[in-house]
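Look at the two complexes coming up: chain A is in both, with chain B in one and chain C in the other.
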Partner chain A sequence: MTATTAADRSVAERLTVPSDVRVSTIKGGRFVRDRIATIAMIAAFVAAAIPLVFVIGNVVARGASVVTPSFLTSDIPTTASASELKGDCELRQRYDPTAVCEEAAAPAVKPGMGPAVIGTLITTAVAALLAIPLGILAAIYLHEYGKRTRLARFIRFMSDVMTGVPSIVMGIFIYTLWVLQLGAGRSALAASLALACLMLPIVVRSSEEMLRLVPNTLREASAGLGARTWKTTLRVVLPAALPGLVSGSMLAVARAAGETAPVLFTIGAATTVARATTLTGQSTTLSFQIYNLITNGGKLSPQMAWGAALTLIAIVLILTTIARTVSQRFTMR
Partner chain B sequence: MDDEENPVHIEAATAANPATGEEVAAGPIIFDVEDLSVLYSGFRAVKDVGLQVVRNEITAFIGPSGCGKTTVLRCFNRMNDLVEGAVVEGALRFHGVDLYDKEVNPVEVRRRIGMVFQKPNPFPKSIFENVAYGPKLAGIKKKAELEEIVEKALRGAAIWDEVKDRLHKSGLGLSGGQQQRLCIARALAVNPEVILMDEPCSALDPIATGRIEDLMEEIKQDYTIIIVTHNMQQAARVSDRCAFFTTEVSEVSDTRTGVLVEYDLTEKMFSNPSDVRTENYVTGRFG
Partner chain C sequence: MTTIDLPPNLDDTASVSEGLASTTGAGPDRAFRGLAVAAGVTVLVVLALITYSTTKSAWPAFSKYGSSYFFSTDWRPNSKQFGILGFVWGTAVISFIGILLAVPTSIGIALFATEVAPQRLRRSITTVMDLLASVPSVVFGLVGFYVLRNPLQDLYRWLGDAVASIPLLNRIFGQDGSGISLLTAGIVLAIMITPIITTVTREVFETVPRNDKEGALALGATRWEMVSGVILPHSLGGITGAVMLGLGRAMGETIAVTLLIGAVANPEITIDVLSPGEAMPAAIARKLPEAAGDFRAALIGLGVTLFVITMVVNVASRRLVDVVDRRLKGAA
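Moving on, here comes the complex of A and B:
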């Protein structure tokens, strides 16, 4: 039993290294593999960053010259030229049968995206007000109360399904139910409802993940001091999960702000800031205008579309930054 | 802490030792445990535990890992209610009232019986807010009153001098030992009758452990303490009474169940235990 076989000896020899740590015992192949892996990872990162940099660079390069204070506040031009106006109006009528094609109105002095900026802010804000509280409450039910009960599992499954539903389906849903069936007509509110439907499952699922990250020891500590579940949730779990909840909600807001499909049949049209500043009346959004400008090419249109795109990116960036800053102020680490 | 507030309080000058039948001199009994079993999803984790906890004493639960010490401890403030699939059988009477009676609200139980956990778990809030959390739940809102309670609790947990200048900084910025004393202060702030400690020193160095042990000795005049510990020296140093648990392997199903082997005065448990399994454990021959 004490005799070592040749195989044993060779294993022992291979594991024996000189005591001098300056002597390299690592085989050349490992260096090569290490280098290949490093290069592959850097290449993957660069490849992933190229589209991002290209998109942002392109939008800034083409849109920056267009975005001026007046661009952000002026009405959408309805009279670029007689023929353009006619084309514009006919197209608009496709989406908004109530639109009246005025003849020979005075040309707009400074064309802008004011109504779309206002419309985007209003619809996104209302959608967020509808979807975020409801979504976070649903997540609280799922993780703090429902856990693995049948109802909780059903809701979880349905929100997963809803996350995968194409956004245009949300638009059709609100269009048939709210606009047609209930006869509420097209409005900023209808668009907000469609966007809220889109946001809700994102908020529910991301919020539940964030609640899951709060250590159970904190819940036990709170319960141990005689707190009921709702007190524990309100005073301990939600504050601890706040930054994550904000991030998840902002992701949903960014998604909603940029969506075109749910807005397409639900919002109607508006070309003046005065008309677009409404909840129950028809309005418009930046994403809708980008779509409109590109598909309905007038001379000014592509350039204005770039401007609208840059404005949209800036709005999402600003909202996210504000939300992050506010949530950090309320977080104790 | 007034006796007259507890009409169902049992006056017991002596208590029969459940394991030996011997009579031991004792103060009033605060907990009376009888045939206590805990099941997790049908699996029996601990069975047939019977013991009596005496007021203003430190009772230690010792035994090897997995013997159910913590499980039993978590029955004393109904913490097992938070575990899915946990079922508690038998009786656990606190001042004569079964804690698992239908009329008993677990939230009320936990207001009277505080807990300190194995890992320090301060809330991600300021030191002040950590300690004020319990009193605020109990409805105390005035700042002056809260300040008084917080200072008293922090002094009680022997951490006031270390944190008095940073009360509004995060509790997570403290060292592990300080965090654990903060958690003790947090438990003291609601003025419980009993404090349950689940291996409170297992994550701490010997100096921090020594501080906590001194602290336990100091506060036992006002509180009844039950402590779970892996450390036999600690049990011998701090406890008045000691319960030794071990695991029994079932011959039929090959499942392990925790059982109470012996419960007696700590002095007797460590010098002259009546069960050979206790003797093997405390002398280091097992576990």
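Moving on, here comes the complex of A and C:
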């Protein structure tokens, strides 16, 4: 309570109401200032909602016509075959009016993102398999064993700090360690490692919060029946915290699925579904492809980038929605 | 709070009787504990490895160029000149713009969500913030690059002409604006860090004691007077922490910035926010995939510098937020 006294004092200082003011008559200036402040708050919310609507609206409007089953499963057209597009032929006609642009003359190059869809799913899933069990175990240490010990406090603080490490640093880390120093080469696995590094602290912190929500009476009851901490944790605490753990982990997975920077130096390249369906070989992801398409340009690029963006947002939103639904069930109980 | 620890002599009796030992099991508990400790320590190991591995790869640049690496703006890989100050400046400028725009907005939204909005709307505010936070960075970059570049260019040209005769402003808003610039990157950063600052600020506002707020209202204060007299002074530390957290995020944000800042190879120190520039993470993302030798070491060194700066900012912000947490627990 002592901490609030300073605030109390400042209240008294700032709220010296003139003695002639009665409660019912708030003077014009004060009333106007209050109104302006309220309007400014609403305006702030609107200012944040507009970009969200604008971004999602644009992605859906421009990507919806691109995303088809064949887009999601076919290979990514390489630059060589993409240059034979009909659009390119029409461009050539401007300089060479004799050029004939028939459907048959330009082999139909269909936009495709199959390898990127598979690569995103594989790298994210492997990263989740690495980071989630490790993160939950670390959270169990922090909340069930370590508690307020010096080591636990240090780990807790460091994982807090680690959540703020830029994602590109995780990419550089795996690039220097895995690719340069160990010479293991770029691969889907290397990208998964970088994403796992990104997810680990998020999973640790959210899982510890969820373990904290499990009532202590459950632990005490279990201990009273003679169960040791490990049994109490596995049989009582984890089942009770499960929905929360799932939702926290899903949010971390959603974050990892959308990340580009950790993948940039670690994944290499792949344009066919066959090549991307590996863990130890090079691969690609949706976010990486979007970045590539924008920076390298090309006739088909915008169309494919919008399609990939819609696919990516759909994956991320599905994961986020599952997480939110699960956590709402949890809090309602 | 603490679980019940069995007295040590009970452990001994358990190990004497085999049947009891199999049900109480000190062995599995020790193994499980070991596993959990190992997982916890992994976090520290990963952080240590990040520091060691990146610094080792960057060392050639640090040792060869010494202080000129950090304090020179001369970055010409072809003639082996590596001074990162131009990139640091770019990152500082866009983070400053991001914070400048995001902080008032976030505080406004957090106040709206805690004090003004009706109960039903509060939940949708959370939803909007969560959705905004979940949009991948590259998608912001995509929309900015394909949709907003040309309208922004027109807007910047108009802005540059409008302030051309006003001193200082005509240096901040230069006349040769293109849609891709420091300001564009700063605006996108503001959008991306608003959810995190809002979420933390809102939690801080919720720790303001009800009595203080009601006391102010009972004295006849308007809502705004209550906010400025009670909530804001009470939350100053927590807001600062939230802002630092957002700052850390802004400095490390890579892909959207890479696409929207302008790819200047050797950025100068300029206050013209309408001119293209380059930031630390963006320079790494652009060049590292094909760099080799000293160039690669210099780029990785840029990453190490970014890592150290964000660590310092994050540690500071955590300290500030922790103080608020402790106050909350003390008051409860």
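Simple rule for what comes next: the second predicted complex is superposed on the first by the 236 of 333 C-alpha atoms of A that agree within 3 Å, B and C clash if a C-alpha of one lies under 4 Å from a C-alpha of the other, contacts with A are read in each partner's own complex, and residues count from 1 in each chain.
Going forward, contacts are C-beta pairs under 8 Å (C-beta built on N, C-alpha and C of every residue); 3 or more make two chains touch, one makes a residue touch a chain.
Here the structure is a predicted model, which means the values were calculated and not measured.
Trainee: So, does A:Ala48 touch the first partner chain B, the second partner chain C, both, or neither?
Mentor: second
Trainee: In this superposition, which partner touches a larger number of chain A residues, chain B or chain C?
Mentor: C
Trainee: Regarding the shared-chain residue A:Ile155, is it in contact with chain B (first), chain C (second), both, or neither?
Mentor: second
Trainee: For A:Val169, decide between first (touching chain B), second (touching chain C), both and neither.
Mentor: It touches chain C, and chain B stays clear.
Trainee: What is the contact status of A:Arg235 with respect to chain B (first) and chain C (second): first, second, both, or neither?
Mentor: In the superposed model, A:Arg235 contacts chain B only, not chain C.
Trainee: Look at A:Lys147 in the shared chain and tell me whether it touches chain B only, chain C only, both, or neither; answer first, second, both or neither.
Mentor: Once the two structures are laid over each other on A, A:Lys147 reaches both partners.
Trainee: Applying the touch criterion given at the start, work out whether A:Ala309 contacts chain B, chain C, both or neither, answering first, second, both or neither.
Mentor: second
Trainee: Pick one for A:Pro215: touches chain B only (first), chain C only (second), both, or neither.
Mentor: Touch status of A:Pro215: first partner only.
Trainee: If we overlay the two complexes on their shared chain A, which of chain B and chain C does A:Ala223 touch? Say first, second, both or neither.
Mentor: After superposition on chain A, A:Ala223 lies in contact with both partners, chain B and chain C.
Trainee: Shared contact residues on chain A, chain B side and chain C side combined as an intersection?
Mentor: After superposing on chain A, chain A residues 147, 219-220, 223-224, 226, 228, 231 contact both chain B and chain C.
Trainee: Across the complex, what residues on chain A touch chain B?
Mentor: 147-148, 215, 217-228, 231, 235-236, 239-240, 331-333
Trainee: Which residues of chain A touch chain C in their complex?
Mentor: Spelled out, the residues of chain A in touch with chain C are 1-4, 7-8, 10-11, 14-15, 17, 21, 23, 26, 30-31, 33-34, 36-38, 40-45, 47-49, 51-52, 54-56, 58-59, 134-135, 137-138, 140-142, 144-147, 151-152, 154-155, 157-162, 164-170, 172-173, 175-177, 180-181, 197, 200-201, 204, 216, 219-220, 223-224, 226, 228-234, 254-255, 257-261, 264-265, 287, 290-291, 294-295, 302, 305-306, 309, 312-313, 316-317, 320, 324.
Trainee: Per the contact definition, I'd like the list of chain B residues that touch chain A in the complex.
Mentor: That would be residues 77, 79, 82, 84, 107-108, 110-111, 114-115, 117, 119, 121-126, 133-134, 137-138, 170, 172, 183, 186-187, 190 of chain B.
Trainee: Taking the complex as given, what residues does chain C use to touch chain A?
Mentor: 1-4, 23-26, 28-29, 31-33, 35-44, 46-47, 49-50, 53-54, 56-57, 104-109, 111-113, 115-116, 125, 128-132, 134-143, 145-147, 191, 194-195, 198, 208-209, 212, 215-216, 219-225, 227-230, 233-234, 245, 248-249, 251-255, 258-259, 281, 284-285, 288-289, 300, 303, 306-307, 310-311, 313-315, 317-318, 327, 330-331
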